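One chain, chain A, links the two complexes that follow: it is found with chain B in the first and with chain C in the second.
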Partner chain A sequence: MEYFEPKSIGDALSLLSKHGAEAKVIAGGTDVMVDIKFKEEPGALVNIKKIPSLAGITERGGSLRIGALTTIRDIETSALVREKLPVLWDACRQFASLQVRNTATIGGNICRASPSGESLTPLLVLEANAILAFSDGERSEPFKTFFQGPGKSAAGAKGLLTEVDIPIPPAGSKGVYLKHAVRGAMDIAMVGVAVMLTPDAGKNNAQDVRIGLGAVGPTPLRAPKTEALLKGKALTAALIKEAGALAATEASPITDQRSSAENRRWIVEALTRRGLEQTWKAATGKEVA
Partner chain B sequence: MSEELTVIGKPVTRVDAYEKVTGQIVYGYDLTLPNMLYGKALFSPKAHAKIKKIDISKAKALPGVVAVVTGADAPWTHGEAVKDKPFLAHGKVRYIGEPVAAVAAEDEDTAQAAVKLIEVEYEDLPVYIDPEEACKPGCVEIHEDYDGYRKAPFMVRGAAPNINEHFKLRTGDVAKGFAESDLILDEKYYVPIIQHAAMEPHSAHAQWDKESGRLTIWVANDAPFRALHEISEALAMDKEKIRFINPAQGGGFGSKGGLKCEPIAVALAFQTGGRPVRVKFNREETFISTLTRHAATVYCKSGVKKDGTLVAREMTIYWDAGAYAEKSPTVCIRGSLPAPGPYRIPHVKVDGYAVYTNKPVAGSYRGYGIPQGAWAGEQQMDELAIKLGMDPIDIRMKNIFVEGDMSYWGEQLHAVGLKETLIKATEAIEYGKKSPINKPGLKIGKGFACIQKPTRSPTTSNAGVTVNAQGEVTVFAGTVEIGQGCNTILSQVAAEELKVPMDKVIMHQLDTDVIPYDASTTSSRSTYHMGNAVRSASIHAREQIMEAAAPMLEVGVQELALGDGKVFAKDQPQQSLPIGEVVKRKLGINGVVRGEASYTYEIGKDLDLETGHSDHASAFYMYATQAAEVSVDEESGRVRVLRMSAAHDVGKAINPLNCEAQIEGGVVMGIGSAIHEELIIDATGKVRNPSFLDYHLVTSLDCPQLIPIIVECHEPEGPYGAKGLGEPGLAPTPAAIGNAVADAIGIRIYDLPLKPENVFWALQKNKKSAA
Partner chain C sequence: MKKQLNLNVNGQDYEVEVEANRLLLQVLRDTLDLTGTKEGCSIGVCGACSVILDGRLVSSCLTLAAGCEGKKIETIEGLAKDGKLHPLQQAFIEYGGFQCGICTPGQIMAAKSLLDENPKPSEEEVKEWMSGNLCRCTGYYKILESVMAVVDGKTDPNYAFRKRETTAKIQSLDVYKSVAKTSSD
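Moving on to the complex of A and B:
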C-alpha cells in the first residue's frame, strides 16, 4: 500500500487520477482504518487531512457551507448549525460516540454513502448540495442524485468532496432526526428518520414537509408521496397516521442480522409519525389534534 | 476471635488500582518474549466436515515461516470432563472456527499470509444447530468415538445421540404433586448463546526447551493448575516438566479457563527449535474460537395450591454444548440441580441434557448455568402469582428457603440470607408502588427475581505466607487476579492476621513452579477457600513469630499481642518489637518465617447419579434478589432499564467497596444479556455478528441507576463468615427484567434477549389476538 499526504486539492486530484479505483481517500479514518484492518488494504491511501481550509462552518448568502474535513463534533457544537439546521444537529449528536465524533468528518460520512449514515437523511431533506472537485473543474451535485448505492456516490473514484452547501430553511422551519437502535450509544441505526416541517405564515398548515428515511434502502431515501400527502394541510392524528403508513410503503428495507425488513417498515411508520408530531408542535406550538 | 478487626470489612482501595489505571501492568496479550515467533491459526470454514486433504507446502515455502503444524503433528486430545478435543483438528472439523492448522513466523503478517496459503479439502457432513434436533434418534454422532473417550467418573451418558451428560434429579413424585395442585403452568423458555467479551482477548505463549525437557506456558488462564494437568495428561508429560506463568489478566468471566490458544501455541513450540511462540486471537477469532455461554431450552412445569404453596416442579433443560464438551457436563449438573429455584418443593423432577452441536464451544461463564434456570423458573413464579391473584412477593415468601430448611436435593441448609435480600431489593425500587413517570407510548413496570448458587465442591486451596526481617509479608496464593479483586481481599486477610499495614503485603506472581496448588479461580470460590488458606497460613506464620518473640520480650506467648506491625506485651504495650525485628533476631537479617496451610472443604457424599441427591453438595450457597424498573416503548419495543437494585448475601463483606463493585459489574453484564446480547449463528453454523459492531454490550449510556445492597448472613466455615460473590451478580438480572417487562406491557416473553425486535413482535402478536 502506498501512502500519500497531498497538500492541496490539486495534488489530491492528480493522485486520484493516477491511482483510480486503487486509491482510497482517508480523513477521520473511523471507517477506512477498520476496513484496512479487517477487509483489505487499498493500493494507495490518500490522506487529505493536510489540505488546508477544508474544515469549517461558514454562512454565505442563504447557505451554510460546511467543509468536508469538519468533524461531526464541530457540527454538533456549532451554535450556527443548531439554530439554522436543527435536523442536522439532531443527527450529529446521535452519531456513534463522543470519541468517534471527535475524529469522524462529515465528508467521510457522506462519501462512505452508507444507507444508515447519520448525516445523510438530514442532508437529503435540507436539499443540500455536494461540492465536488474534479481535475477538470468543480461541480455542485444535489444529494438527491449524489448517493448511488452502498459505498457509491457521484464523486466516483476520481472526484473529491470539498464542501457541503446547505440552503438555510425558512425561519420557523423545524426539524428532528429520530434513530432506532439497540443501544443508547455506539450503535448503527436500524432505522433513521429525518423530518423537516415549515409552517405557513399563520402557523395553521404545513407549508412544506420533507421526510428522509435511513437504513431502509440501498441509499438514504426521501418519501415523496408522504410529503405530498401532507403539504398544505394541518396535521391531525388521522393524517399523520396515514402518513406513517404511507412512508412505510416508500421504504425498501432488507432483512439482516440487525433487523427484519418487516420490523423496519413498522419502525419507519412509528418514527415518521413521531417526527411529524414533534416538528408540528415545535413549528406551530400546537399538539397534533 | 473477639479482637476487633482492623482491615477486614473495611472499604480498602484495590491494591492493583494504580498500576492498572496508569497502564503500567503487562497483560498476557501485551507480553513479548525475547526471540519470540508469532503464531496464527487457520480456522475451519465448515461446521461439520471430513478433512480430505491438507496441503501446507506453499505456506512452508513462504520466507519468514518457521513452522507449520496440522493435526498430524499434534496427535493429542484434551478435555476436562471428556477428553474429546484435539489440539488441531484430527481428520474432521466440528464447528466453524475450529483450529485446523497453525503457522509460526518471524512476524504476525507473515504468519497470517502463510495461513492463507494452506489448502484444505473438506467433505461436508450433516450440520446440527439445535440441540433438541441433534439428539433425535438417527442423528449422526458428532463424536463418533465418544464411547472410547476418557470421561470423568461422575458423568452419565444419555441414551440418545450427541448427549454428553444427562443429569437427573428425582424428589418425591411429580405426577402425584401435579394431581394435588390447583394450578399448573407449563411453558418453554429459551436463552441464547452469548459471550463473555472480556476486554482483553485471548492469547498464549509457549516455549519448549529440548535440553531440560521443560515446557513453559505464559497465559492469563483462570485455572493454571487445572490447565497444567490437562496439558500434562494430553501430552503424557510429567507435571514437573510443565510450568505455567500467569501474566496479568484483562477480565475473564469464565472464558479464560480451559484451553484455547494454549494447545496451538504448544503444538507450534515443539517445532521452533526452542524459540517461544505467541498465539494471539483477535476479537473475531475470540468470538468464534474460544468459549461461549450455553444456550438453553428450558421446559418448566409448576404446580401450586390456591394459597400459593408450591407442590411440584418439573424441568427439562437442553444445554447447547457446542462442538466439544469442555465444561458442559458440570454446567449441566450444577446448573440443572438448583434450577427449580430457592424454594421448598416436595415433588421435583429435573432432567438436564448437555448436547453436542456444530457450534462454537460452550464453556464456563459467570453464573455457571444459574441465569438460564432462573430465566424460566423466576418468570414462572411471577406468572403463577398473577394467575392466583397473589403478589409476587407473597408467593415467594410462602415458599422461600429459610435457615434449617431441607432442600429438594437432600441437604439441610444453613446461612440462608435470601429473605432479607428479597425484602431489601424490592424495597429499594419501591416495588408495588406505581411509577410517577407518565409518557405516552411508554409503559413502566417493575419486577424481581431470586436465585441460589452453589460453588464447585470439594476443592482445595493451598497458600504460603512469608514474613521477612524487614517486616514485609509475601502471600503465595494460586488465585488469579482476573479483575475481581482477589489480590486486595487476600492481602486484607494476611494484613488482618499479621496486623501489618496493607502496603507491607505483596502478592507473589502466579507461577506454578513457585506457588502451591489451587483448584481454580472460578465458581465464586476464592474468598472462601483461598481466604481460609491464606488466613491459616498467616496464623501459622504469626504463631512462629509469637513463639520467637516471647523470650525476646520476656513474657509468655499467651501474654503477647500483635498490632501495627509489632508484637507487644498485652499489659505493657510499650514493650514491643516490630515483627521484622523478631524475624531478624531469630533467623538473621536474611531470615524468613514461612507459614503454610491447605484448605479443603469436604462434601458429605457425592451426588447420587440416579436421584441427584447429596447431603452436602456445595461448600456454601450464595443467595440474591435483584429488582428492576423498566420502560418499554410500545411502538419500537425498546426496553430501557431505569433502575436496578441488587441485594446479595455475601456472608461477610471482606471489602464492602469491592463487593459493591462486583455487584454493579455483574448487574451491568446481566442487563446486556437481558436486553441486547446474543451470538447470532445461522443454519450453516456461521456466527453472523463476531464483532462489537453487532454484538451489543452495554455502554455507560445504557446503565440505569444501580443500587447494590450487601446482606451479611454469617457462614460459619467461611473466613470471617464470608461466602462468595463473583458470579451471582448477573444471575437473577434477566429474569428480574423479564418480570418487569411483563409488568409493564402485560405480556410474558419467554425468549431472551429482550431486544427491540423481539419485544416488538410480542406486542404485535398481542395486538392481533386482542383485535
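Moving on to the complex of A and C:
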C-alpha cells in the first residue's frame, strides 16, 4: 500500500486522479482502518489530515460552515453549533464513544454515506450543502442529492468534500435527533430520526416541519408526505399519531443483524411521534393537546 | 511502503520505521514494547486500547501510526512516577476497580483524560465520559467508585499499611481462628 500526505487540496485531487479507484481517502480513519483490517487494503491511502484550513466552525452570512476535517467532538462541544443547530449537536453527542468522537471527522461521516451515519439526517433536515472540490473546480451540492446509496456519494472517487455549508434555521426553530440502539450512543443506530420544527409568529402552528429518517433506506431519507401533513397545523395527539404512522410508510427498511424491517418501521413511528412532541413543546412552550 | 516516524511517548522521543498500514497500537506494543495498552475488539467499540494522543483520548486500534508524526502520546506506562503510582492507579487497587485487568489500562487512561480536562466531574459525567470503555467482568460500580475516590481525594497513600493492619485485625478474631483451624484440620 502506498501512502500519501498531501499538503493542499490541489495535491490531494491530483493523487486521486492519478490513482483512480485504487485510492482511498482517510481523515480520522475510524471507518477506513476497520476496512483495511477486515476487508481490503487500498492500493494507495491518501491521508488528508495534513491539509491546513479544512477544520473549523465559522459563521458566515446566515450559515455555519464546518470544515470537513472538524472532529465530531469539536462539533459536540461547540457552543455555536449547540445554539444555532441543535439537531446536529444532538446527533454528534450520540455518536459512538468519546474515543471515536475525538478522532472521527464530519467529512468522513458524510463521505462514508452510510444510511445510519449519525450526522446525515440532521444535515438533510437542515437542508445543508456539501462543498466539493474537483480538479476542474468547486461546486456546491445539496445533501438531498449528495447521497446516492450505501457508500456512494456525489463526491465520487475523484472529488473531495472540503466544507459543509449549513443555513442557520429561523430563530425559534427547534430540533432533536433521536437514536434507537441497544448500547446507546456506542451502537450503530437501528433507526435514527431527526426532527426540526419552526413555529409561526404566534407559536400556534407549526410553520415548517422537517423529518429525516436514518438507517431505514439505502440513503438517509426525508419524509415529505409526513412533513406536508403537519405543515401549518397545531400539533395534537391525534395528528402526531397519524404522522408517526405515515412516516413509517415512508421508510424503506431492510432486515439485517441489527433489526428486522418490521421492527424498524415501528421504531420510526415511535421516534417520529416522540420527536414531534419534543420539538413542539420546545418551540411553543405548550404540551401536545 | 515504509515511513520514518518521530513519536514522543510518555515524554520520551522515539524514531521508528513503520509500514504504512500499521496501527498506533501495534507500534506501541510490538515496536516499542509498551504492552500495557491492550487490544480488545479492534474495531473501536471497547476502549481497551485507549491512549491519549495530543491531549485527546483515542482508540489506538483505529489510529494510523503513519499519521502520528510529531505527536505526543500518553500510555498507562507513563503514569507512575519515581516508583509512585498515579492516584488513579492507587484508587483502582484500593477500591477493587478491576478483576481480570484487560480493560484497566484503557479505563485508567479514559479517567485520566477526563480529570486532565475536569478535575471535579460528577458521577454522571464520569459515566458518560467512560461509556466507551467496556468491562466484561461487569465491574462498573467499582470502576466508578475508584475514579470518584480520586475526584473526592479519598485515596490513601498508606493503603498497603492499612491493609496489613486490617488483615491482622481479621486474623485476631476468634471466628477467623476457628475457621482457619477447621480448614487446616
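Convention: the second predicted complex is superposed on the first by the 288 of 289 C-alpha atoms of A that agree within 3 Å, B and C clash if a C-alpha of one lies under 4 Å from a C-alpha of the other, contacts with A are read in each partner's own complex, and residues count from 1 in each chain.
Just so it is clear, contacts are C-beta pairs under 8 Å (C-beta built on N, C-alpha and C of every residue); 3 or more make two chains touch, one makes a residue touch a chain.
Since this is a predicted model, take the numbers as computed values, not measurements.
In the superposition on chain A, A:V182 makes contact with chain B only, not with chain C. Look at A:R60: by the touch rule set out above, it reaches neither chain B nor chain C. Once the two complexes are laid over each other on the shared chain, residue contacts for A:T30 go to chain C alone; chain B is not touched.
Once chain A of one complex is fitted onto chain A of the other, the partner contacts of A:K39 are absent, as it touches neither chain B nor chain C. Taking chain A as the reference, the larger set of touched residues comes from C, when chain B and chain C are compared. In the superposition on chain A, A:I267 makes contact with chain B only, while chain C stays out of contact range. By the touch criterion stated above, A:E2 is placed in contact with chain C alone, chain B being left untouched. Within chain A, the residues touched by chain B in the first complex and by chain C in the second are 38, 97, 184-186. Across the interface of their complex, chain B is touched by residues 38, 97, 180, 182-188, 190, 257-260, 263, 266-267, 270-271 of chain A.
Note for the complex: chain A touches chain C at residues 1-3, 5, 26, 29-30, 33-34, 36-38, 41, 45, 47, 49, 73, 96-100, 102-103, 184-186. Note for the complex: chain C touches chain A at residues 1, 3, 20-21, 23, 42-45, 47, 50, 56-59, 61-64, 66-67, 110, 129, 131-133. Touching chain A in their complex are the following residues of chain B: 284, 635-636, 638, 640, 676, 680, 688-689, 693-694, 696, 698-702, 755-757, 760-761, 764.
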